[in-house]
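Down below are the structures I want you to see.
The same chain A turns up in both complexes below, where it pairs with chain B and then with chain C.
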Partner chain A sequence: MARLNDDAQWIILMGFLVSFSLFFLAIVINQSTVVGQTIAESVVEFPKNDIRDISHVIKEHAVSNGVITDKVHRDILNLSIQRKGAVINYTLTHDTNYHSLITYNNGVTTYSENWTSD
Partner chain B sequence: MVNDGGQLYTIEGVAAGLIMLLTAYMVVGATTICTPGDAHISDMQLEVLGSDALTMVDTPPNSSMAESPLQLIIEDDSGGGGRFKNMFMNYTNVSGFGPKHDIQFSANYTYEADGSIMSAQINSSRNLTGGEHAVRVTKWVLVNKRLPPAGPLEKRAVLVEVLLWRD
Partner chain C sequence: MAVRKFSLAEDGVSESIGFILIFTIVIAGIGLVTLYGYPMLLQQQTGANERIMEKNMIVLQNDVKSLAYKTVPYKESSLKVEGGSLTVYNTLSTPPVATFSVTDCVGGNYVDPFPSGDLRYSSLSAGAEISLQNGAVVTRRLNEPGSVMLAEPRWFYDAPTNTVVLNLIGFNSTDIMSRAGIGTVQIAMGDTDYKTYPITGDLCIKYDSNPDYSDAWENYFRNSLKMTGTGPEYRFPLDASKPATLVIKKFDVTIKSL
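So, the complex of A and B:
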C-alpha cells in the first residue's frame, strides 16, 4: 500500500467543527426572529385605555366632592381587582383645589398619578 | 519554509465549503415555516374600535346635558338596552357607503352588592354560542342607582363590559 500522509488530520477535524458550529449558529439566529412578543401583542398588553379610564373616573368623582369613605371607593377597588385584575388605590383631598393621588398595578404595568385641579 | 503554491486550492476549498454550508442551511430552513402569531393585530384593532365606540356612548352630546347616554342607560331600570344597542352598533358598523361590518357585541355591567360581585345584562346583538373569538372593552361609569335593587339610592361606580367579536 502506498504510504498515506496523515499529517493534516487535525486541521481537517477543526475545519469540520468550525463549519458545523457556524451552521448551528446560523439556524439559531434564523429561528430567533419568530420568538418573542409581536408588536400588536405588546400594544394589547399595555393598559393605556384602562389607565386613562380609571384616571378620568376618579377625577370625575373627586370634583363632585367624592371621599374615600364612600361606596364608590369600595366599588372601584373591588371591581378593579375582581374584573380587571388590577390593584388600584386612590386618595382624594379637597382644600381650595381638588387633589387626587392614584396608584395602579396590573401585575405588568404600574402607574401612579398626583393630580390637582385649578 | 512557506510555499504559496497552494493558495488557489485553499481559496477554492473555502469557497466550496461555504457554498455547501449555505445550501445545507437553506434546505434545513425551508423545511419549517414558523409564522409569528398575528391574531393580535386584528384583536388590537377591534379593541381600539370598541373602546372608542364605548367612549362615545359615554360622552354627553352637548354641554347642556349633565349625564352621558351611558349613565342614563344604566340608571334606567326599565331597560335602556335598546338604546345602547342602537347607539353602539351605529358607531361600530359605520362604514360610509360600503358593506356593513359584521361586528357583534354583548354588553353587561358589573357592580358590587352585599359583598359579592353581580352583573346585569345591558343588551347583545345576538346570543353567545361560545365559539366566538372576542375581545373585551370596559368603561367605568358613575351612576346614581339602587344596587341591589332593594338598596339605598346613592352614587355608585359600575364597570361596563362589552365583548366584541366578528362573525
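So, the complex of A and C:
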C-alpha cells in the first residue's frame, strides 16, 4: 500500500517560524520612528556652562562692594539675552554676608540659585 | 504515517470537481490579497513615509535650533524624502507663507509683519503637509480643516522680569528649491538682529498664513503661552504692576541646498 511521506513537514514549520519572526521584527522597526526629540531636548540642552558663567560673573562683581553698578548690570542682562538667548535676573543683598538670588530662563530651562558667602 | 489496510469506497471522488474546488480557493485567495491586502500595504507605506518625514522635520528643527540658539554657523543633515517632495519657500515668496506681527494692540507695530517662509514636505498620495516655519513643526491634511503643531518654537515669558522673548526665524535661499529622494539639507546662519522694547500698554501677536496653519498656532498661543483672544490677533498676559520688556530676536537662516 502507498505510504504518505511526511518527512518534509519541517519545511512548513520553518516557514511559519520565519514569517512570525518577520512579523515581530516589523513591529519593532515600526516603533523606531517614534523615538527622537524628547531625550535629546532634556539631556543635551541643559545649559550648565551658561549658568556657571552668569553665576560667576555676578559673584565676582558683587563681592567687591556688595552691589553692581547700573552699567554692568545692564551689560550682564543684555549680553545674556543676546548671546545665550536667556533672560536672567538677580538681586544682591548684603548684611554680614553677601547674598545673591539668580534666576535664569531660556525657554526650556528655568533655574534659580540662592547663594550666601561665608 | 497513514497506511491503508483496506481500500476505501472512492466512487464519489471526482478529479475535475476536486480541481475546481482547489482552483476556486486559490483564485479567491489571490483576489482577496489584490483587493484588500495590497491597498492596505500601500496605505501602510504612505503612513510610514509621513511618519519618517515628521521625524526628519524634527531633525531639521533641531538643526535650526542649533544655529539660532547655540550660535553654530553651519549644519547639514542627510535625509530620505519619500512619497512626496521637500520644498523651501523663502521669506520673499509671494504670497508670504507665514507672517507674524507684534503690535501694541492699538495699531502700533513693534515688529512689522515678518514673513518667515517655510521648509515644506508635501505628500503625494496621503494629501498631508508638514511645514517647518519660524522654528515650529506644523502639519495638516489637505482635505480636512485644522492643523496640529508637532514641535513648538522657543517663545517664552519670564515672570520674575516680566519679559517676553520672541524668536523670529526666517528662511532664505537663492531661489525656490525642491527635493525628492535622498539628499543633504545644508543650512547656514545669516544675519541676526536683536532689539529690546519697553512695553507700556498691551502686547499682541498677529499670525497670518497662506496654507492655513492657524489652528496649530492658535493652540500654541492659547495653551502654551496662555494668551487670550481668538485670532488672528492674540493678547499676551503681562503683569501690569511691573515694567514689561519685549525682546525680539530675528534670525536669518540660509538654506544652501536641499
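The working rule: the second predicted complex is superposed on the first by the 74 of 118 C-alpha atoms of A that agree within 3 Å, B and C clash if a C-alpha of one lies under 4 Å from a C-alpha of the other, contacts with A are read in each partner's own complex, and residues count from 1 in each chain.
Quick note on the criterion: a contact is a pair of C-beta atoms (placed from the backbone, for glycine too) under 8 Å apart; a residue touches a chain by one contact, two chains touch by 3 or more.
For clarity, every value in this text was computed on a predicted model and none was experimentally measured.
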(message) Quick check for you: in the superposed arrangement, does A:Asp53 touch first (chain B), second (chain C), both or neither?
(response) first
(request) Applying the touch criterion given at the start, work out whether A:Val87 contacts chain B, chain C, both or neither, answering first, second, both or neither. (result) second
(message) Just checking: does A:His61 make contact with chain B only, chain C only, both, or neither of them? Give me first, second, both or neither.
(response) first
(request) Once the structures are superposed on A, label A:Thr103 by its partner contacts, choosing first (chain B), second (chain C), both or neither. (result) second
(request) Classify the contacts of A:Leu79 with the two partner chains as first (chain B alone), second (chain C alone), both, or neither. (result) first
(request) Would you sort A:Lys71 into first (chain B), second (chain C), both or neither based on which partner it touches? (result) first
(request) Mind telling me which of the two, chain B or chain C, contacts the most residues of chain A? (result) B
(request) With the two complexes superposed on chain A, say which partner A:Leu22 touches: chain B (first), chain C (second), both, or neither. (result) first
(request) Classify the contacts of A:Asp6 with the two partner chains as first (chain B alone), second (chain C alone), both, or neither. (result) second
(message) Quick check on the output: what are the common chain A residues between the chain B footprint and the chain C footprint?
(response) 30, 33-34, 40, 78, 82-83
(message) Can you tell me which positions in chain C touch chain A when the two form their complex?
(response) 1-5, 48, 51-52, 54-55, 58-59, 62, 68-69, 71, 151, 154-156, 158, 160-161, 163, 165, 167, 194, 196, 247, 249
(message) So in the complex, the part of chain B that touches chain A is made up of which residues?
(response) 17, 21, 24-25, 28-29, 34-38, 40-41, 43-44, 47, 51, 110-112, 117, 137-142, 154-159, 161
(request) Could you please specify the touching residues of chain A with respect to chain C in the complex? (result) 1-4, 6, 30, 33-34, 36-37, 40, 78, 81-83, 85, 87, 89, 103, 105-108
(request) Could you please specify the touching residues of chain A with respect to chain B in the complex? (result) 15, 19, 22-23, 26-27, 30-31, 33-34, 38, 40-41, 43-44, 49-50, 53-54, 56-57, 60-61, 64, 66, 70-72, 74-76, 78-80, 82-84
